Structures are given as structure tokens and as C-alpha cells.
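First, the structure itself, so that you have it in front of you.
Per-chain residue numbering starts at 1, and chain names A, B, C and D are given in the order in which the chains are listed.
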């Protein structure tokens, strides 16, 4: 069965390591913060200028001067630091963030990602997404594997305007964990109860499934 | 008579304006700080990361963590700010400093300046001098007009390695205040008792002296 | 010290020198740390045909959105403009020119403009529409695009505290683009919550040195929250 | 929070990963704000053929000069190296390679290296020996040269205070190149005067966020003054 939003977040959380600085995009990636293993410390970077983002505030703590990149009110954890936007993107673009998690509309076998714009609809802008995909070595894209109509989002070539070129190596969909390598999708794990053939059927780009593909464990 | 070091500093001080941020090089320029008019406030920038440099400290105030660009112990004035070297040169190179005063070995009619290196002697490095001459619009070079042997330092073409190209517009020597414009030296003022002909004789580059050239007033 | 006193007491004087057709660089992220009082004064003054550089363009009722509604903006350079319905209409009609710029590139462009760096290379945007017409160059086996810096005729900034010399301190994530906007402006004006005497701010703790600041005014705008989100547990 | 505790208690562990032939970026201006304890440890460790990037090269007895005297430096990238007699001899003999770099360009190269910017344009050095072999380009009628950024395999930094997460605060002009060196290093190690608990440093007043810092050690080096100058009146 396809992963729920919570399961997607739980699976991403398994990629965390103790001492990681992590940038979480809006949507599903945000949920990852709820599943940090107890024996592990990670710090969340918010690209509007905060390292050490905490949980949402209690009513009494709400502060208009303390928001995240999604413009939501947040708190800081102990040991947080605050800085301007150039410094924040120096961290991101300089490769200092250990893991970046973000959503996408499409990815392709060349590691391209499209995530910010659907022509004909309102152009809202790329915000920090282009910086994040270009700056990080370690990126996990979370997305649905295909549209509700069954149209694959894992393509030979992205059809939408790109957010970044050749920068994505790991994709977690509601059906599969996939590595992008040598111009192919490589199936690493299946969502529980989902078969390799089901995944192949919903993957437009070439999907390599070598040997026994394990189910995800939660 | 040729100006003394103190007179050079006094004449430069006449170029100050209320509210100016000023960077003073090592040597004679440093003395300018002693002649700021009473009715005027200026702030001194030291390129190692200090805006609002004060006088030398009393014995009891000496602080190894508070030095100027000449590595001398200094103090801060009220309202000073401290920053890193990139920020310091952002100010300088971004043109935010109102006046820069620095010494030179040679200048020429093209506005070139040589001030950091004499081939064959020890190469000590340019420090911040290349940044200062490239970053400032308003620069005054203070120097002796000629060597003790009478060899001009105001040349057609600098003979020493350049610190900056085409960036000097105003030179104060011990004999004259000169503007560099249209590939010529233009005599603006004479040191007291020094004649135009005496200045011409010690100026290799073409010197224009239109009309009555006033003596400097102190 | 008269020479460095940058305090202006009347909003009608704070925008002296701002003219039609100029480029205005603004601090703020969403509605956080925006110079609302200065924006309102630009509206009152009615300056037109502005090129505005800011991460966002406010909402229909707040932030730079009020200048958009009032048809004072000719061109917008921003990274994300999703919160303003009016924006879409003006953009679609061709009335408003928009240059979408990645957030990090935008921040770096402002800093570079203030620091005398006319252009720099970045991997951000390589291979995307952002790279159209820009030089691509390889360094150490990776592709980068050249981005030119931004300077403003005017910068409008929101800070927490200023001393009378214009030294600034920002509060929490209201800092965002404000120190960069302060660097990028030929004339930089700042709205603050508190004005203190020189010496009250520790020199080691000043975020923006006064050399970047031309005028300071005490503001009284309400701070707004776009996404008021509170803990559920 | 074990994950972010960066405190190392023994100097013998602080340089783990430093190898012959590496590039080391060092903070400090003259002898002000130099990581003397880390320099002494590099001497003790005996790592050789280093490329060292620092504004200055210390004196014969202090700062990076001790590594020079000990023949551990192969190449020096600096803006001003006048305070070290040994330097001249090694340079003249061809033993030491020297790349003189304008101070502002050096600072910007370190920051750019840390910020993922491989190159930038600057007016500094145009038309001088510094421009030899570098691309010249005109922007808005002015000539600029292209400078490439610097990253270090190792950065050695001196700060005033650190919390255990590696958040740093510098004191007065001992800040200088230190925050930039911290950004530029693949591995950044820091010597401090005081280690405090997380939360003791105000998030708004941290100069270098801990994300740039790998290890922190409590130093005990004496602070030196090169030009002790006192008021005469």
C-alpha cells in the first residue's frame, strides 16, 4: 500500500544521523521533524535565517519576529543561532547543511528536478528551492510516485521548468525509495505490500531492480 | 618652504567634512586624526575591522584584542562598531568610506599609484592598499614631491609596480596640492613660500598651473 | 556629535531624494521584518514606476503589496510572490514586469552590490530558466552561472534598535534581508522600534554598522503574522 | 545532546585529519586573534608541505612564523608578510612560494569559498601585478578582475567564547579573518578562551554559527601585542 504522509516522513527520518544539520522543505518534509529518533540530535535550518528551529510556539510564546521559511511562527531550540539571508544561503550553497529534504512535481533519470512552477498556473517563484538543490550534496526528494490518474512523475526527462539540473540522487515516493545513478532509476526499497512490477508500471524512466528489493521497515 | 609632516596632516584635515567616515593609512595619514576641526565629527575606519577608532590607550586600557591596521593598540570611540575583515572591505570596496588618505612612492599623470613594493627590496605585500585605492572615490595621496636627490615622484608613468590604475585624483606633497585630470597634473595650491617654477622643476609629468596659484592657508 | 546624528523625526522627510523610476531595495521576509512605515510613506508620496527588489511582495493589504495595489511598481525582483492576488493580475496583463530570482542569489546580489562586487558565479539556477542569457562557466568540474549584483538608489530597512549614529541591531528572524538591503542602497533609510544613544549598543554586537545608514526614524507599525501556527500538544 | 558536542579536551586530538600537503586557512591579523595553540600543535605534529592562507605570517617567534621557521610551509597566501626575517630568506631561496593577495580580496576569497561561490569580480588589483593571468571584464564602464575563491582542507580559528555546539563569539578586533576562516574550512577547529553551555550565547549575538565548526578546544595561549602604543598625553 502506498505510504501515508506520516510514513514518508518516518522513512526520511531513518536517513538522519546524530549531529546532522537539516533543511526541511514545506509540506511532507516538515513532518520529518516529528520522527527524529530519541537517541539522536539533529538541528533544523530554516533558510530565512535560523539554525536550531524548534516546535510551533505555545500561544504565549508567539512572536511575529520568529518565523520559519514557510512564514509560520516557530520557536528556537537551545543553542540556536540567527543570521541574515546571505549568511543563511552561504551555509546552504557552501554545502554546510548535511541533509536537505524537499518536495517535487517531477524528477528524471538525469537527476533533474522540477518543483516550482507549472506553466499556465500562477508563477509564485522558486524561493530558496533552487539554492537548496544546487547547494546540497545530500538531498532527499519526497513526492508521490504518480498522479491520481496514474501518470508517472519519475520521468525520462522532466516536462516542467527545472528547479535544478543533475542534482538529485535520492527520491522517496509513496511507493518506493529510489537512487538516481548513471541515467537510471535504481529501486532500493518498496513500500510495504507494493510489488516491483507495480512500481515499474508507474515509473516512466528506466527502472533498475536488481535482486530482491526489500520492503521498507518502520 | 616644504611642508612639515604636521603641516601635511593639517592640510589634509581641511578636506574633512562633518560626518565623514575616513580611512587613514600608516605614516603621515595617521597624523590627520590630530587635526580634525573642533566643530566637526569624523569617524575613522581601520580596515582590520573597526569603525570608530579612537586615540592610543592609556597604559591601563591597553588591550591585545583591540588594534588598528598598523597593529598598534588603540581605543574605540563612543558609537564604534566592530566586524570581520570581509565586512570591513565590503565598506571599503563598496565605496561607503567617504575619504581615504594614504601614502605613495610615486603617482603619475594617468592617476596610477605605486606604493607597496620596490623591486629588489623585501616584498612585504600590499596589505589593504590595493583595496583602498580601488574602492574609494575620494582619495588623497600624501607624499614627498621628490627624493632628497631631487628626483621627481610625480611622473609621466610610474616606474614601480602599481598599487592601482587610474584611481588617484588628488595628491598633496610637501610642495603642492595637485589634481590629476585629463592626463595632466593641475596645480591647485603651493606650499607657503614655494614658487610655481620650483614645483615645475621637481615635477616630471606635465604640470598645468593656470592663473594665480594660491598658497596653502593653515 | 551633530555630524553622525541620523535621526529624522518626521516621516515626510525620510524619503528625501526618492524619485519616480528609481530602484528601491527592501528588507523583510514575508511580512516579517518589513519596513511598513516606510512603505506607507512611499504610498503617501505617490512615487511611481519603481523597480522594487525584495524577497516577497507582501499581501494585498500589507507590506509592498500596498504599492502594487496603488500601481506604483513597474518591475519586481523577488524570489517568491505567491501571497498577492493583485500581483497575478498585473503580471498577466503585462503591466508589471517580474524577475524571479532564487532567494540565495537575491541575498548574495544585494550583499555584492553593497560590497563593490559587480558579479559572481553560483551553481544555483544552472540549467534552469534562471540561467537564460547568463554566462555558464566550469570551475573544478562543476557548472556555474554568472549573476550580476544589485544596488538600489534607495534602500528601506526595518531594524529593532538603532543608535543615533545609525548602528543597527535586528531581532530574531526579522533580520533576514535587512542587513543586505542596508548595504545595497546608495541612500539607506531605516525604521526602528527603539532609538538609543551611541554607546548603548556593544560594538561587538552591532549587526549593521552606521556607515551604511543615512537616516533613521522611529516607527510605530504593528507587527503582522502571516501564518500564526501554535503547538497542538 | 551528544550529537552537537564539539568540545575536544586534548590538543593531540584536535588536528585529526590534517595531513602533509594540505591547505590550512588561518584566522588572525598580525598577532591579534591568532590560534597560537593550534599553530603550536601543528608544529608539534610536524605536518609538512602545507599551503597556508592567512593575512600575515606571524613573527619569527610567534604565530604562523613558528611553522615557517620549522620549514613546514610550502606556500603562503597572504596580504602582508613584513614581520618575519625568516620569510625573506626562504622566499629568496625559492624554498617558499608566496602568493601576495590584497587584504580585501583575501577576505572575500575565504568567504566565497565558504559560501559556494567559486569566483567573483573585483576592481581591486586591476592593472597591477595581481591581475596577471586573470580575466578582466567591464561592468558599467569600469574594469574588474576575476578572483577565484579559497577553501581549506583545514581551518584554524581563534574565538573568544564558544558554546559546546561550536557557536562562536569573537572579541573586539580579534574577530578579523576568523569568521571567514571558519566558513572556508572543510574541517574547522577552534581555540577559545571560554567554553559555555548552549543557550548561554544569545542567538542574535552569535558571530559564527556552529554549523561551520567541527571541533572546539579550550586554549591557554598568552595574547601578544606587536605594537604596544600608548597615549602620550
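As a convention for this text, a contact is a pair of C-beta atoms (placed from the backbone, for glycine too) under 8 Å apart; a residue touches a chain by one contact, two chains touch by 3 or more.
Not measured: the values here are computed from a predicted model.
Among all the other chains, which ones are in touch with both chain B and chain D?
Both chain B and chain D are touched by C, going by the contact rule given at the top.
Just curious, how far off is chain D from chain C if you go by their C-alpha centres, in Å?
32
From the mean C-alpha coordinate of chain B to that of chain C, what's the distance rounded to whole Å?
Distance between chain centres: 35 Å.
Let me have the rounded angstrom distance from the C-alpha centre of chain A over to the C-alpha centre of chain B, please.
One centre to the other, that is 55 Å.
In chain C, what residues contact two or more other chains?
Touching at least two other chains: 108, 111, 115-117, 122-123, 170-172, 175, 203-204.
By residue number and range, which residues of chain A touch two or more other chains?
Answer for chain A, listing residues that touch two or more other chains: 50, 76, 82-83, 86, 89, 92-93, 135.
Let me know each pair of chains that touch one another.
A-C, A-D, B-C, B-D, C-D
Where on chain A does chain D make contact in their complex?
So the residues of chain A touching chain D come out as 18-21, 40-43, 45, 50-52, 76, 78-83, 86-87, 89-97, 135.
Which stretch or stretches of chain B touch chain D in the complex?
Per the stated touch rule, the residues are 46-50, 55-59, 62-68, 70-74, 76, 82-86, 88-89, 92-93, 112, 122-131, 134-135, 161-166.
Would you pull the chain C residues touching chain A in the complex into a rising list?
Going through chain C, the ones touching chain A are 29-33, 55, 78-82, 88, 91, 98, 100, 102-108, 110-111, 122-130, 143, 160, 170-180, 207, 223-232.
Over in the complex, which chain D residues touch chain A? Could you list them?
1-4, 111, 113-117, 163-165, 167, 183, 198-199, 201, 203-204, 206, 209-212
Quick one: which bits of chain D touch chain C in the complex? Just the residue numbers, please.
For this pair, the touching residues of chain D are 108, 112, 115-123, 137, 139-140, 142, 144, 148, 169-172, 175, 203-205.
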